[in-house]
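Attaching a single structure in structure tokens format; questions to follow.
Should a chain be cited, it is by its letter among A, B, C and D, assigned in written order, with residues numbered from 1 in that chain.
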Amino acid sequence: MNGWAMISKVKDSVEEAVSGIPDGAVVMIGGFGRAGQPVELIDALLAQGATELTVINNNAGNGDTGLAALLAARRVRRIICSFPRQSDSHVFDALYRAGEIELELVPQGNLAERIRAAGAGIGAFFTPTGFGTALAEGKETREIDGRQYVLEHALRADIALVSAFRADRWGNLVYRKTARNFGPIMAAAATTTIVQVDDILELGAVDPESVVTPGLYVDRVVAVGERAWLRDGEFVGSDSIEGAAS
Amino acid sequence: MNGWAMISKVKDSVEEAVSGIPDGAVVMIGGFGRAGQPVELIDALLAQGATELTVINNNAGNGDTGLAALLAARRVRRIICSFPRQSDSHVFDALYRAGEIELELVPQGNLAERIRAAGAGIGAFFTPTGFGTALAEGKETREIDGRQYVLEHALRADIALVSAFRADRWGNLVYRKTARNFGPIMAAAATTTIVQVDDILELGAVDPESVVTPGLYVDRVVAVGERAWLRDGEFVGSDSIEGAAS
Amino acid sequence: MTTTISRDQLAARVARDIPEGAVMNLGIGAPTRVANFLPAGLEVILHTENGMLGMGPEPAADRIDPDLINAGKQPVTELPGTAYFHHADSFAMMRGGHLDVCVLGAFQVSERGDLANWSTGAPDSIPAVGGAMDLAIGARQVYVMTDLLTRAGQSKLVKECSYPLTGVGCVNRIYTDHAIFDVTPTGLAVIELFGDNTVSQLSALTGLDLDDATITDVNHKELA
Amino acid sequence: MTTTISRDQLAARVARDIPEGAVMNLGIGAPTRVANFLPAGLEVILHTENGMLGMGPEPAADRIDPDLINAGKQPVTELPGTAYFHHADSFAMMRGGHLDVCVLGAFQVSERGDLANWSTGAPDSIPAVGGAMDLAIGARQVYVMTDLLTRAGQSKLVKECSYPLTGVGCVNRIYTDHAIFDVTPTGLAVIELFGDNTVSQLSALTGLDLDDATITDVNHKELA
């Protein structure tokens, strides 16, 4: 190719993918429950050592792995989420009751829209969700065409950790089923977006009509191998998947 | 199926698809230039006779067909668009100079975002586009995190006329290349969304990962036959396409 | 002691009001049972706020796909016609009024249709709202499905909610184990009684003035 | 009479400043020529605001696809790595600052970087803004590419724009047929001169105080 380097956002390891995340960073982490949680990147962030983090995620960790492990290691100062309390959120629960983690609770749709606004260059928006509730206290309200709205502001991050299905070297991404969830909007809302995928395909192998996250939103992408319930991209059943039903 | 009717949004003709559009309706019309312009639906609307319309489109008609023909027939009282003046917008130009059509000019990205806001239940939003320009005169402004923004409001419609590529009977839509443009956001922003497609596929034949407009946004869909430059969905060249290069 | 219907009977009763073609979101908990009582072959499109329309029933044990879950994080399946989308698009569907019905649980509903279902306000509880506030304002028809009384015997239908609100004036109808209530501009109206319940008994139980719309409704139907 | 370079020479000069991997939007008109001068094999990803990243060159006459056009409504092609998206997503990319560079034409640019390029304000003209205002605020680097002088010989670089603004303080750099100017906090700085132009000649032509950053810049590079 005439000696040009070609664009490649591909990193060889999760360690390389998460390198340079500073202490105090605001980190968006994709996923809804376990679906779409970028477990390998979170583990790499844990090993990398950044601390005093603010984490933006729908939940506050499940069980003892992934985000929960990051919390257990006391790397997270503050969490912005919609649904911290779950049957298996014991790590967060204990930290919260001990006053060792700050919580900003945001209705899930406002959380999603605030993240979307950050990526879309919208400074703030009037949403009907939460009007008249405790989660809108102190916020500006306005009646527009007879409906009541609350002003919510864009929510940005320094880093996004996202789990997608497949990528090409430009960073074009496709997701898989409901594991898509927060990935596309977080990828657009962070200064540096780091993505783990099952496989990296040749450029041109992702159907242009089906790209969900165009590559301009992605800074680094790393392949972590096929998820346990797939073979060559096809679902093969769940008999041997640990925790799949939890 | 146990005697249930099954969901079908499929209409047998464009006449049926546009029936009931009232005088005075606010009508969004998809398309950017000729790409994605729902020509058959516009022709049907012309035949149907509704008048005193407000039209929301990126442009204000090209040549003498489609939207331009609707304008020429004096059915449109007012147009909201970003780029009325084009080399072949002579129908609009003449009406405008004669004072026979009202124009609301909106920067293209604000137009798209206002339409998106209407579909998404956002009442208004702060956008940086247009700040300090004549198109923001009289509008509320605000500085947020050091950047200047203008408040823009959601833009709704009674009717959307959209051209997509393929649909199923639930109204799930896929588009083709840059003919996608305003279709997905207009489909979500109108009370009644009417779509023309090349073909209607069996339910389940549209890849769930690739649906661009989920069926809940679509009220009526009609097949108008394959576009001239395709055979069985594949591009076959443009030798015989009238006006393709214009 | 008034008579009540079972939770499954109530779910079946809600299901009877869901028309073919409805796009519906069922809240976590009892509302999810409504899906079990939709007639086979009736096409109702289920939305789950984590990014899916066309959700099907729970899979067989060996077909659980961890990438395919509902808002309660339970494994589900996809039906022909399914579409996936991201979280902002999913909540845009709700907020934008594109869902026909959602069915939610409740701690309390006021006679003006205020809903409280996300927090009891207990000082030591960990707050968690999830999508509750979006669902509450996010469908053309917001149905609540609940026991009329708490375990302690207190009415969940109240003059003013004492628990933190989920949404203001957002509920259209309340399906309870005693009766069905519509929220009207003048307060709650009983539109259907279960068992031997009477409107006056329900007024006593709830401490609310209740309109009797059970007869009126039938008349309207006959006149229509 | 000062010397000037041709429009194609100018397009080639702009192209030299575009690094591999840049995501770029080229405005309608002269800026589109920049693409012709990007080195073969250099991966620069072209955005067109009507919903495409990865835009390729004009097709052969028999391969014109009416569904595949750019913002100027001209037929284009797709390259491997292309992605399509709808208009709101496309303008979100711009407004959200995800484009590295856009190159625009201009009627006027003020010394503070205000841009006027959508309307001459003539009372009988039909106003049309298109995506101009979004592009103006919608890239990390906003480059203007223009002749320095109008056909009537007036400077397009001005103290204050007299034409209606497209954006306030949005321009970073102006590539003209006489010289290249950076917009700095203290006004315009000449960073490169073409032909035998001098900074003082340009000051006379434009009527503006211009910083001479042509030498300073080289020094900086040597020191870096």
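Just so it is clear, a contact is a pair of C-beta atoms (placed from the backbone, for glycine too) under 8 Å apart; a residue touches a chain by one contact, two chains touch by 3 or more.
This is a predicted model, so every value here is computed, not measured.
Asks: Could you quickly compare A-D and A-C and let me know which has more C-beta contacts?
Replies: Looking at contacts between chains, A-C has the larger number.
Asks: If you average the CA atoms of subunit A and of subunit D, how far apart do the two points sit, in angstrom?
Replies: Centre separation, subunit A to subunit D: 35 Å.
Asks: Roughly how many whole angstrom separate the Cα centroids of subunit A and subunit B?
Replies: Roughly 33 Å separates the two chain centres.
Asks: Roughly how far is subunit C from subunit D, centre to centre by C-alpha average, rounded to an integer in Å?
Replies: About 55 Å separates the centre of subunit C from that of subunit D.
Asks: Take the average of all CA coordinates in subunit A, do the same for subunit C, and state the distance between these two points in whole angstrom.
Replies: The separation of the two C-alpha centroids amounts to 30 Å.
Asks: By the touch rule stated above, which residues of subunit D touch at least two different other chains?
Replies: 78, 84-85, 88, 92, 94-95, 138
Asks: Taking each residue of subunit B in turn, which ones touch at least two of the other chains?
Replies: 113, 120-122, 127-128, 175-177, 208-209, 212
Asks: Drawing the touching chains as a network, do you get a line, a ring, a star, a complete graph or other?
Replies: Other.
Asks: Which residues of subunit D touch subunit A in their complex?
Replies: The touching residues are 20-21, 23, 39-43, 45, 47, 53-54, 78, 80-85, 88, 92-99, 138.
Asks: Across the complex, what residues on subunit A touch subunit B?
Replies: 113, 117, 120-128, 142, 144-145, 147, 149, 153-154, 174-177, 207-210, 212
Asks: Please give the residue numbers of subunit A that touch subunit D in the complex, ascending.
Replies: 1-7, 118-122, 168, 170, 172, 188, 202-204, 206, 208-209, 211, 214-217
Asks: Where on subunit D is subunit B touching in the complex?
Replies: Interface residues on subunit D, with respect to subunit B: 48-52, 61-70, 73, 75, 78, 84-88, 90-92, 94-95, 114, 119, 124-134, 137-138, 164-168.
Asks: Given the complex with subunit C, which residues does subunit A contribute to the contact?
Replies: Touching subunit C from subunit A are residues 32-36, 58, 82-86, 92-93, 96-97, 103, 105-110, 112-113, 115-116, 127-135, 148, 175-185, 212, 227, 229, 235, 237-239, 241, 244-245.
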